[in-house]
Every structure is written in structure tokens, then in C-alpha cells.
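Heads up, there are several structures right after this.
The following pair of complexes shares a single chain, chain A, combined with chain B in the former and chain C in the latter.
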Partner chain A sequence: MRMFATIANLLVKRVLTAIPILLVVSALLFCILRILPVDPAAMSLPPNATVQEIEAMRTEMRLDRPLYEQYGIWLNQLLHGDIGRSIHFRQDVTSLIGSTLPATIELAVIAMMVATVFGLAGGLFLFYVRGTRAEAVMDFISILLLSLPEFLWSLFLLLIFGVFFEILPFTGRLSPGFERPVVTGFLLIDSLITGNISTFFNALEHMILPCLALGIALSPSLMRVLRSSLLDAYQDDYIQQARLRGLSEKRILIRHGLKNAILPTLSLMGVQFGFLFGGTLLVEIIYSYPGMGNLMVDAIRNADLPIIQGAGLTYCIAVLVISIVVDSLYLILNPKLRMR
Partner chain B sequence: MTFEIDRRNLLQMLGLAAVGGSVLSQATFAFAADTDNVTIGWPSDVPSWDPNLRFVPDAQPIFKLVFDQPLDQAPDLKLIPNLISKWELKPDGLSMPFEIRSDVKFHNGDPMTMEDFKYTFVERVKSGLKLDIANSWRTLTDIEITSPTSGVMKFSAPTPTAPQWLAFLGSYLVPKKYVESVGPEEFAKKPIGTGPYKLVDYQMNSRIVLERNDDYFGAKPKVKRVTIDIIKDPSARTAAIQSGQVDLTVNIPVREAERLGKTEGLTAEINPFTRLILLQMRNDKGFSDMAVRLAAHHAIDKAALSKAFYGGAAVPLSIPATPGTPGYLPDYKFPYDPELSKKLLKEAGYTADRPATFTLAATNGQFPSDFDIARALVQMWQKVGLKVELQQIEYSKYFELNRGGQLPEATLYSFDNATGDPEIFSGYLMNPKMPFGAWKGQEIGDKILKLFVEPVYEKRIAGYKEVAKEAVETGANIPILQSVQTLVRKKNLNYVKYGNAWVLGSTMSWS
Partner chain C sequence: MAILSAQGLCVESLGGKESFPVLTDLNFSLEPGKVLGLVGESGAGKSMIGRTISQYLPKGFAVTRGTLEFDGEDLVSMVAERRRNLLGRDIAFIPQEPLSGLNPVLSVGQQMKEHLLRIGLAPGETWRERALKEFESVHLPHGSALLEKYPHQLSGGMCQRILIAMAFASRPRLLIADEPTTALDVTIQARIVKLIAEMQKRDGTAVIFITHDLRLASQISDEIMVLYAGRPAERGPAKQLFSAPAHPYTRCLQLANPTISGPRRGLFILPERMPGLRVLKELKGCRFASRCPNAVEACTESEPPLADIGPNHIAACIRTEKTPEIMPPLLAPGREIASTKIHLNGEKLTKAYTTAWSPFARRSSFKAVNSVDFTLGEGEFVGIVGESGSGKSSLARLVVGLDTPTEGRITLAGRDVTTNGNAEKAYRREYIQMVFQDPQSALNPRRRIGSIVTQANEANGLHNSSLERMNRAAELLKEIGLPPDAAMRFPSQLSGGQKQRVNIARALCTLPRILVADEIVSGLDVSVQAQLLDLLLKLRDEHGFSMLFISHDLSVVRYLCDRVMVMYRGEVVESGRTETVFADPKHAYTRSLLAAVPPDDVNLEWSPVLAEAGYQVE
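Up next is the complex of A and B:
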């Protein structure tokens, strides 16, 4: 009961803290985008628009008003659930983000699962082979994995599994001919809800390469942090005491070493998940994945400020939510924090 | 022991995954081998399924499958009848009587009527909806319906390119009854046109699936289903055609196209089309002296640029028009002559100690090899004694910089004109009232403005030829190359090649 009360307390505090953070981020986003030398009025008109038409559009979009007034108008609309209208697509930004966000969340969650499995398994293996020749080899491999960014992994995996072996698809979210159920927007969930198993597996197949690319790029840092946390944990007295009590090495590792060493790894995973959520742009482009990263690239290319603002705020909210989840997990895993 | 068991399990899982993957993949790729279907790897999506909404040149070949334009273009770009069967622009350019076909139906079975024309080009534009076609039809005041199959377009000012615009960006007929009943938002979600294909599935930035419209009034397409995979990354498009996940793709790097052309089962083309690569020039700052502008032009080895960056397929240009279009001057050549460049600079008083200096702006990635061409230009200019600074700009900032007079002396630019009409080449590029050209010289500007209202076709074309030549000879414009489209396809997939790089699924067939 005490744990739930502590978590509820934390949630309330975090939500209250999130409000000023969101306000500051929204103001920063708004001001930075307005300082850029791009003209949203001109971008919203066809290239053959006259100077007079562009000026009229500028007035209509209220770009001729002072910056603080423009921000006030935008914030007021935001509070009423209106993020704005896309300049390029001429659609509500809310609906554009709503239709692309589930694909990105799905991608990011599964990529994080891949990174976690590889990271934890690799970290445990690194620790297991400490002091042996294999440690040096694994160290080298982890540095190699770390030094390649996710877009290079994307291209590499695409060439190996998509072109050379031709065993995995690498365009889109589903193969042609498969039914695409739309209930929540999360394709994996929707296909299961509607009992469309073939769609589920096909969607999963399309996620293998992008998720591997994202996951592999993230896993080395998790491996290394887990290994060093375990090394630190094994310096503590309770490990020696556990050995003296006659516990097996496996039990010591799982029950004592890993339980303590996992906390810094969990923090890193939280940070990485935040980065991952905002870092799928290139991977989505390479794999033609219809998520928010893909939309963001279009928005940047077309100087579509309302989308960039909306997507920026969405990323900010996502990072805040992730940090609350990670802190809650911290409380669950670390009794000492619950005592404070 | 634990590790052995884990490894064994892991190997079993990998084995299962490989088998499962290959089984599933076979299911996937079997689809692509079906000759009733074609899968195209296309570099960009439509901005919306409302075809009147935005001007995006790369989206036109997609729109043309679902919607129809009043007029069409033949592969050689000549205007041909389509929904409109007869038209005649009056000598004053102020009206255009036309007749429409009576056998055209929208995808929902509704017949096409004159009301649909009036709605698309007049009522919809005036309704307050933000449509890009409002700008191309700003002189159109009304469409007078004279019979169920005929009408008259009425203009507030001479509009000599009205027929061309009926086959150009955004001019697609939309169904009045359907759009009014469902509203513009729903229409964009479930679009209905008169085109050769119906939209059956769409996922933004990923895939468009089209099914043949068996009631199409024109030539029935041979392929039943066209799938367009939106693959924005050129490396991914290359991989997609190489692995067989798509049957045809465009705009991949020239070297990759050449390599894939040698691959069994594939064929590659490097096709020049109606896009110019040119230098937008200012008439002030470091370019106030005509001698410097001309010296800069004579110093450019266009053939070498074509060879280095486009496998020699991009045609070197001396005039801001592409070969085969009405404004092109086949016998006119502006010579590559570095010695003449040096001489011009010397005569103008520039020396090695006091060189002529200017800045060149270029985008990086807006069109193939743009920044590489800019770097090569700087080197060519350095060889004749011009001191040039290279500045990278974003394409989205071009119009803003131009309007604020902040573009440097020269800007490397590419300009698309699917119609091939000289108004949309020289006219748009040097009209001082339009946002495209950086040149603000009044003398050429005045001539261009007169041509914008010249209704007599022959006079108009002759005028553009003259003014384009004058612009080149005074250094108001430096055309460089005709751009190319790379296209790789399966050898047994046939398609019709258009001079403006349209790649239409409706023209494809398997052999």
C-alpha cells in the first residue's frame, strides 16, 4: 500500500512540475521557429503567388503581429485542443500527429525491447567473461556497435537481409495485399483485436529491420553500464557475505548483484527511450515507415512550422511521461527511495 | 551448462525465425511477380488527395491515375484532348469556348457535367478554400455554360497559357455533387475522380494502392492494380528495385542506375526532361558589371559537368528552355571559352591582385548532385580568375531570401515545367513580379510582362525566344543543364516515356 501511495504522490508531483516545463518548451519552440529565416506565409501559397498575395496571407496568419501576441494566440488555441493547421498538407496538425504517432510508438517500444534484450544479455555476458580474453573481444565488439549510428545500421541490415538474402521486407508497415485494420492505430494491437493473425505477423516482419537497427545502436551503452554497475556492486560487502552464506554464483548474480546494478541501467534506458522516440526520423525514412519521424522530415523540408511545433510538444510530453514511468519503476525496485 | 542450453535455444529460435521469415517473405514477394500488378517505388507522397490543393510536381503522375485533367499532354508534350474534346482560345485571349466529352463518369458512377467544370475552376476557388489552383486561375472570372457539353471560360485579362494550365499543376476535375455532399475533408480522405484507377488503400508516407477503373472512358490500362510504395531514401529505392520489392523506381543516383542497368532482369535509363539547372543571377553587387556575368558564363564547361554528375546524359543548355519545347533555340550556342572569360575580365579592369568576387548559393540535396555542381563551378571560375565564395542555403528559404533581396549574386537553381511552355520557363524565371527569379532588370522585365498578355501563340513564342537569347547574352540568366531522371525497371515491364518525366502506371504493361 505504502508503495502505491508513494508512486501516486510522485505522479501528482511530476504532473504539476510538467506544466511549467511544457510552457517553457512551448515558448522556446515558438520563438526559435519564428526566428528562422523562413516565411510560413510564402510556403503556404503556390510558387506563382504574387507579393501582394503573400502579404495578405501573412496578415491572415497573423504573422504581422508582435511575437508575444502570436504566442498568446497559439497558446490559447493549444489550450482549446487546436495545435494548428499544417501549411503544407492543409490538415489539422492534431489529426496528422494522431495518425502517425502510433506507428512511431510501436517502433520505439519494440526497438527498446530489442535494445534491452541485447543490452542486458550483452552486459551479463561481458560481466561473466570479465578478466578473460573474451572480455577484450566483447569490449571491442561493443565499441564497434556503439560507434555506428542507427541510420548506418539501417542501411547495413537492409542490404544484408533485404537485398542480399532477400528474406525480410524493408518498405512500409505491411506488404501489399494484406488487410490493414484501423482501431487504435497500433497495427500490431489492431490486427490482434480484429483476429487478423496474418496481418500481425506481416507487420511484425516489417518491424524486424528498423527495430534491429534502432535497438542494436542503443544496446552497447546498456551493456557497458550494466557491466560496470555489476563490477561496482561486486565490490560491496553484501556480495562477500552472500558467498559466505554459501549462495551459488548464479543466485548471487540474480538476487543481489543484478538487483542493485540494474538501477543505473534503468535510468539510462529511460534517457535512451526519450532519445529513441525523437530519433526515429532517418530510420523511418530509410524503411518508408509511416510514423511521426517521416512526417517531421516533410515538415522540416517544407518549413511547416505548425507541424514542427506540434511534433516538438509531442516529443516533450513523451519524454516527461517516460521519465515518470522510469521514476516509478525506480521506486518499485529500490525500497530505500520509498523510505525517504 | 546454462550457456549451452541457451545457445541451443537461441540457434533453434534463429532457425525458426529464418524459416518463418523466408516463408512469409515468399508470400510477400510472390505478389510482386504477378503480372496483373505493378509496384512502383516513388520518392514522394501526395500532399493531400484533394488534387486542387497544392502544387507538387512529383505528385502529378500519382494524381493523374485517379483524376483527369481537362486537357492532357502526349509523350512529346503536345496538348491533346482529354475531358475537353475541343477548345479555342480567342485572339484577344479573354475567352475560351470549349466542349466536353459526354461519356465520362466519376468513380461513384455520377456522370461528368459542365457544372463540375464550373465548380472546380470557379465556385470552389471563390468559396474561400485555400487551393493552389486559385493562383493559376486568378484571371478566370466565370465559366458560362452554353449547353450540357459546352461552355466558355471568361478571363479578366488575356490568359494566353490557359490551355497549357488545363493540363498542368493542380488542374484536375473534381465531382461537385460528391464534394458538396461529403465536404472537402472527407473528399480528401475518400477521393473520387474520373481517372483510370480508383484509390483503394492509402497510408500516408508509405503506400498507395490503386485498382483499375473498368468504366474508364479512355484507353483501358493493362495492369489491374498499381501499388505505389513511397520510398523517400534513394538508397532504399535502389535496394527495393534490386531486391525485387518494386518493379520500377526513379531518381536513384546515376552511378547506381548504371550499375543496376547491368544487372540481369533489370534495365536502366537516364532520361533528360523538362527541368532546367541554371544560375539565377542578380544585376547588382558583384554582378553589376555585365562583363563579369558573361565571363562567369563562358568559364562553365557544361559538358564536363554533365559527364561528371549525370553520366553525360544531361544536355548542356545555352537557353533557358529544354530541347523539343517551343521556346528552345536548337542552333543557338553560348560557347565555353575560358580564354574569352579571362579577356573579358581583363578588359573590365580585373586582375589577379584585384579579382572580381561574388558569392554562389546552392542547395544540398534539393536535386541530384546540386552541391557537387556548385563546387565544380567554383573551381571552374577560379581557373579564369574569379574569386567565388560558396554558400549553402535551404530550398525552403529561397523565396524568403529572394524577396528580401538577400540572395547572393548567383544561385544554383532547378526549375520544373511539365508543360514545356516558354512562359513557365523564361517568363516565370525573369518576371520581376514573380518570386522565382533574382534578376530585377527592368528592360528584360518589361518585355516579359508584355509577353504574359500576348494572346497570339506564334508572336508569344517568338518573343520568348528573343528575350531568352537577350537574357543569356546580357548575363541575366545562365542556363547550365537539362536535368535528368534516372529510371530502373524490370526488363519485361513496359511503360510510355514522357518528355516531362511523368511515369504513369496507366501506361504500363508486362511482356
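Up next is the complex of A and C:
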């Protein structure tokens, strides 16, 4: 009961603090983009438009009003679910984000799962070989991995498995000719719901390389944090006491050591997951993956202000949600933080 | 038939560049149902015996000679799996720090379940029933609510009870209790010790009770072994050993501890400290010779053998007949405080803490300090005693200005400093300095001692040139009895006692009129404690400062303080001149505190109040 009360308490507090954060971020986004030397009115018209036509457009788009009034109008529309229309794609920003965000979430979630598996396994292995010669070797390898960025991994994996061995696809989310069911927008989930198993496996194949690239790049820091938190935990009396109670080393590691050491690792994972949302960009480009990253790049290249604003807000909300989720997990795993 | 016996047991460190002995030539045998007390200063090797039994020795340590048999089986040569099987079933351990002995992220129930399932349940019994039964036998009521709790929600005493319940759940034949009460309050200590004795009688368990407190060991043990630098100095029946110690080390330890009753006597100051294990190999004669008041030349020639001096009583000393001649120094006659000048005055001091806002719970507030009046006169040492949670440290924080009182007034040398603004803070700093409990964390590990002790000069910017600071550091180190070259060292290069001296020197740097000392001798060996107490008295004679001395150790307060205040749940329940309060306590709480201290005379009955303080389920 106490746990639920504490989590409810946290949720209420965090949602209340999220409101001013979102307001500040939206104001910043709006102001910065309005200060940029691009004229949305001119961009919305064909290149041969006259000055009068542009002026008329400015009035129509209410760009002649003071900045705060424009912000008010924009915010009002935002609250009604209208983020505006893309100047470049001539489509609602909501629908553009709605079609790319699930792809990015899928990518980020699976990449995080890969990173977690590699990070935990590697961390446990690093800890297991502590004090032996293998430790120095593992240490070297983990630092080497730490220094390779995700786009290098993307290129390596693409060249090896995509180009050289030709065993895995490396462009887009699906091979041509596969049916693309749309229910939630999450391709893996939708194909399962609609019973489209061949689509599911094809989509999964497409996820392997980008997710591996991201996951491998994230895992070394997780390994190292887990290893050092395990070393810390093993300094504590309860580990020694568990040994003196005759528990096996395996049980001590999993049930007593890992349960304590996972806490710092979890906060790092939260931070990484937040970064991952913005960080899929390069990988999405390399693998022509139709996610938010690619959308953002297009939007920035075309100075498509509504999309940049919408995407910016989406990132902000995503980070807030992730931090609430991580903090709730923390409460579940760490009884010390629960309400007294 | 002995349950545990050691024959010529030697443990050595072989890992590093050079090997050195850790335990030398240990002989003992422990019968079922008997208690063996292991006594000695830290570093004497007491805990190493427990670790040898479990064979969880530090890296590079190994048994090099002798045997250690549990129920006829050699623990050292035993297959690891077989030994692990014994641990937690036949051989149980109770740790020193109850709060950290339990896993913080698992509930009490989860940990109890894990252990009970391992040792096996009776047919048809659920782990929960069994857990409640075990809790009941250690007098933990409301067991089912307790199962849902996490260690941080419980007091140290309760955690220790849970660990005792776990240890005795398997009806072990041998129990090793390693300083199980050192981290606890006196009253809790008494209850825990009595509880271990009760359980031990129930199951006929043999107990090894490790403690640095000879007085406590003499009350609960059948036999005592005093260790010095890894070697037994004396072994004998508890009462006999305590009332007529044969080895000078035992006698010195006894005399270094202040008494709780009778006339106040001086403390015997053991000089220096125990030789480090690394130098033992070069040491030819008796290991204690360098500190022994009775040492003669013959003592340094060869290691004295353990000689019989009575029935079952042996001591490693060639001059045991001279031991009773060791006498404590005469106590300087109690000074009457001539001046009635009051330095510090607290009126109706109250500090309340309120819980953080939450939409789901009402804010509640709790008074850590409740309407406390006190005064501190010039040159006066006032002791504050009470259990943890009684508000001692909260009061100290109010006095030094780390907290601001919710109500009440503090006057310092005639000036009201209650508001604690910047001007008051600066004024307060000149008058009051604080000495913290744990020198390990109170001293910045990256600064040299010379810079640490003169830290106060940085605050006012006066005398802050490096030459002035070096000179002041040299003076301070001389006063606290450290060599001048200590100024260039780092805290990690000093011993625990030396660090605490540095801690005191730092507070004295700008010659404050008042020191506030929070448990500054707890956790130190009695020999070091005696050195520090006499240092404080000497420094008072030289500088005439006064002190608020917070301690849970009543004998220390009795030795050091002119007046004493007894705190209970944030309030002062009794105060007065130390002799008066200790000789004729008026409040029931003071009486229970005093009764909890093991008596000085081993033949007196130790009858602490065992009534459990009300445990409230949240």
C-alpha cells in the first residue's frame, strides 16, 4: 500500500511540476524559432510571389502581431491539439509526428533492451573476473567499446551484415511487397494484432542492425556502472552476513548484490533513454529509417518551423515521461525512498 | 566433548611482499552451552578468529599451523561446500552493525523467508508461522507487521533482535557474536546481551562473544581470553580473571576504563599503541613490553610462555606477581568551579521537524528538542546523556548554530544569538567550536594535518599566512601530543585515536570558549579513550574552556563532567552535579540508564531493566 501511495504521490507532484516546464520549453521554442531569419510567410508562397502577396500572407498568418500575442495564439491552438501545418510537406504536424514517433519509440525501446542485456551481462562478467588477469583485458575492451560512437557501429554492422554477408536488411522498416497494417502505428505490435506474422518478422529483421548499433554503443557505460556499484555493494556488511548464513555465492550475487547495485545502473539507463530519443537521428539516417530523427533533419533543412516546434515539444514530453517512469521504478526497487 | 577447539592455531598473511603473523599460537576449547569472551583492543585479532572459523579470511590470509575443529571435524581442511553447509545451520553469526547486517532493499520477511527455507522447516509448517515463532522468542511483538518492514524503518536494537532470531532459528551449536552491542545504546545493549544469554541457555549453544569491553565480557562469559597483537595474553575463568587479572595488559585495560560506581578514580593511561602486525616479526620479547609498566630487561629477550597461574588460568607474563601493583594515577582533586560566570544559556529551546508536503498524508510534526533549559558556566564540563533519538545531537546542533530553534532563546556570553543571522554566526564562531563524532569523515582526506588544524584561520582571514599557520599548527600538535612532523601528513596516515586528537586540535585553533563534543570517544578503544579524556582535562586546565559533552557512555560522563543532563524524548528529565545524579538518581529513566551499565564489581548482580520500550506499528 505504501508503495502505491508513494508512487501516486510522485505522479501528482511530477505532473504538477511538468506543467511549468512545458510552458517554459514551449515559450523558448517559439521565441527562438521566431527570431531565426526565416520568413514563414514567404516560404508558404511560390517563389514568384509579389511583395504585396507576402504582406497579405503575413497578415493572414498573423505574423504582424506582437510576439507574445503570436505565442498566445499558438499556445491556444496547441492546447486544442493543433500544432500547425508543415510548410514543406503541406500536412498537419500532428499526423507527421503521429506516423514517425511510433517508429522512433520502437527503435529506442528495443535498442534500450539490447543495451540492458549487454550492459547487465557485461557488468556481471566484469565483476565476476575482478582481481584476475581477465579483468585487465575486459577493462580494455569495455573502454574500447565506450569510445566507439553509435554511428560507427551503424556503419560497421551495415557493411558486415548488410553488404558483405547480405544476411540482414538495412534500409527502412519493411521490405517492399509486405503488407503494412496500421492500428496503433507501432509496426511490430500492429502486425501481431492483425496476425501478419511475415510482416512482423520482416520488420524485426529491419530493426536488428539499428538496434544493435544503438544498444552496443550504450552498453559499455552501463557495464562499468554496474560493475562499480557491485563492488560497492560487496563492501557492505549484509553481503558478508549472507555468506556467514551459508548462502551460495550465486544467490548472494543475484539476490543481494545485484538488487542493490541495480539502482545506480537504473538511473543511468533513464538518462540514456532520454538521450536516445534525440540520439537515434544519425542511426535513422544511416538506415533510412522513417522515424522522428529523419523528420527532424528534413524539417531543419527546410526551415519547417511548425515541425521543429512540434518535434521539440514531443522530445520534451518524452523526457518528462521517461523520468517519471524511471523514478517510479526507483521507488519500487528502493524501499528507502518510500513514504514514511 | 568440546564443540570448538583450537590447537596451536596460527594465521598468517602471505599475500603481500612479506608475510606476517595475524594470530599466533591460539589454544582453547569451548564446551557446549559455555560462553567464551574474547577481549582486546582493535587490531588484537579478535574478529579474525570469527573469520577463521568461517574461513572467509581477507585475501592472502591463511591458516599456516595448528588445527581448528568443530565437533571433531577440521574446519580448515574441510571441503568448502561442507563448511558452507554448516554456516547458518550449526554455526551462526551475529554482526556488529545490525542496521547494515540486513539487506536494505529486501523486507525483513523476504530475508527471514530466505533463511528459514534454507535451514528447513518442520513438516506442515509455513515459513511465516515459523518466522513469527522465532520473533516471539526474541521478544519482538507484532511479528506479522514486522515482516513487511524494511531495515531502515527499524531501530538498531530491533534489527539486532531480528538477526538474533535468524541466528538461533536453526538451533545452532556454535554462535559467534562479534561486538553485537557496540553500535547500540546502553539500555539496548543490556537487553541484547541478556537476550543472547537467554537464547543460548535455551538451545545449549556455545558462544564466542567478542567485545572490547572487559567489564561486559566478565558479566556474561564463563571464560575470557584476552588477546594482544594476535596472541593470547591471558585466559581464565571470567570472574577470576576480572577480579584478579594476572597479565599487566588485562589490568591496564581494566584501569583504563572509568568506573560507574564508588569513588571516582584516575584512568590508567596505556602509552602509545599496540605494535602493528608487520613489526611483530622483528619483535623479540613480549609483545606488550613496550607499553608495560612492569617491564624489565628480561621481558624483551624472549617471548614469555603461557604459564599456569591458577586452575584453568594462564597468562603470558614472567612477572605476574607484580601485576596487582599497577595502580591508577591519583585523580586531581575535583575543582570547585569558582567562577559563576555563565557563558551559554538556553531557555525553553524547542526544535520541531515537519514532514514534507504530500497530497496523500497530513503533515505531521515532531519535537526533537522540547522546551530545554540549560546553562554552561565558565570552565564547566556538562555531559548530556540519553539514548539515541533522545535529542542530544539535535540540541548540540542548536547550540553550535547548525540549526535554528523553532522556539526559545539562546544567549551566548550575554548576547542573544537565537536568530542566527550572519552577524550572530560570526560571533558564535569565535565562541563555540564543535568536535564531530567520526574523525574518519570529519577530516578532509586530501588536506594535510597542518592545514586541517588551522582551518579556522581561513574563516576570519586573520593569521592566515602560511608561516603563521605552520607555527600555529606546530603549537597545536604539541598540545595534543602529536609529533611536529604530523603536520605534513594526511589523515589516512594516522591512527583512529590520532585522528580524533587532530579533530580536537582543529576545534581549539582559535581558542574558543566553548567546545561542543558529540560522542567523540565512542567507537575508540578504552586505552585511546583514556588518553583523550585526560587530554581534554589537561587542555581545560591550560585554556579554561567549557564543554558540552554528549555521550551515551555513562562511565565516561561520570569521569569527565562536572554536571550532567539526562535527556529522554527531547526533554531533560534530570540534571545536576554528576556525583549527585549518579549516586542518587531521582528519575526512573536515569535509574534505568544506570542499571544498564555492567557493574564494576564482577560479583555484583547486573540487573538491567529489561522492559521493552513500547514498539509502535506505523
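As a working rule, the second predicted complex is superposed on the first by the 327 of 340 C-alpha atoms of A that agree within 3 Å, B and C clash if a C-alpha of one lies under 4 Å from a C-alpha of the other, contacts with A are read in each partner's own complex, and residues count from 1 in each chain.
Operating definition for what follows: contacts are C-beta pairs under 8 Å (C-beta built on N, C-alpha and C of every residue); 3 or more make two chains touch, one makes a residue touch a chain.
Given the structure is predicted, the values throughout are model-derived calculations rather than measurements.
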item	value
Fit or clash - chain C, chain B, common chain A	fit
Partner chain in contact with A:L313 - chain B first, chain C second, else both or neither	neither
Which superposed partner A:N9 touches (first chain B, second chain C, both, neither)	second
Contacts of A:L145 with chain B and chain C, given as first, second, both or neither	neither
Chain C versus chain B, contacts on chain A by residue	B
Which superposed partner A:S99 touches (first chain B, second chain C, both, neither)	first
First, second, both or neither for A:V163, with chain B first and chain C second	first
Which of chain B and chain C A:L258 touches, first, second, both or neither	neither
First, second, both or neither for A:D236, with chain B first and chain C second	second
Least C-alpha distance (whole Å) that remains between chain C and chain B when both complexes are overlaid	16
Where chain A meets both chain C and chain B, residue numbers	none
Complex contacts: residues of chain C adjacent to chain A	54, 56, 59, 84-89, 92-93, 95-97, 100-107, 114-115, 118, 150, 152-153, 163, 166, 355, 358-361, 618
Of chain A, residues touching chain B in the complex	37-39, 42-51, 53-54, 88-91, 99-100, 155, 158-159, 162-163, 166-177, 180, 201-202, 205, 208, 250, 285-290, 294-295, 297-298, 301-303
Parts of chain A lying in touch with chain C, wherever the complex brings them together	5, 8-9, 12-13, 131, 236-238, 240-248, 255-256, 259-260, 263, 333-336, 339-340
Touching residues on chain B, where the partner in the complex is chain A	2, 18, 20-22, 24-25, 27-29, 31-32, 37, 39, 41, 45, 47-48, 53-55, 130, 132, 135-136, 169-170, 185, 188, 201, 203-207, 209, 227, 229-233, 235-236, 239-240, 242-246, 394-397, 399-401, 403, 428, 433-436
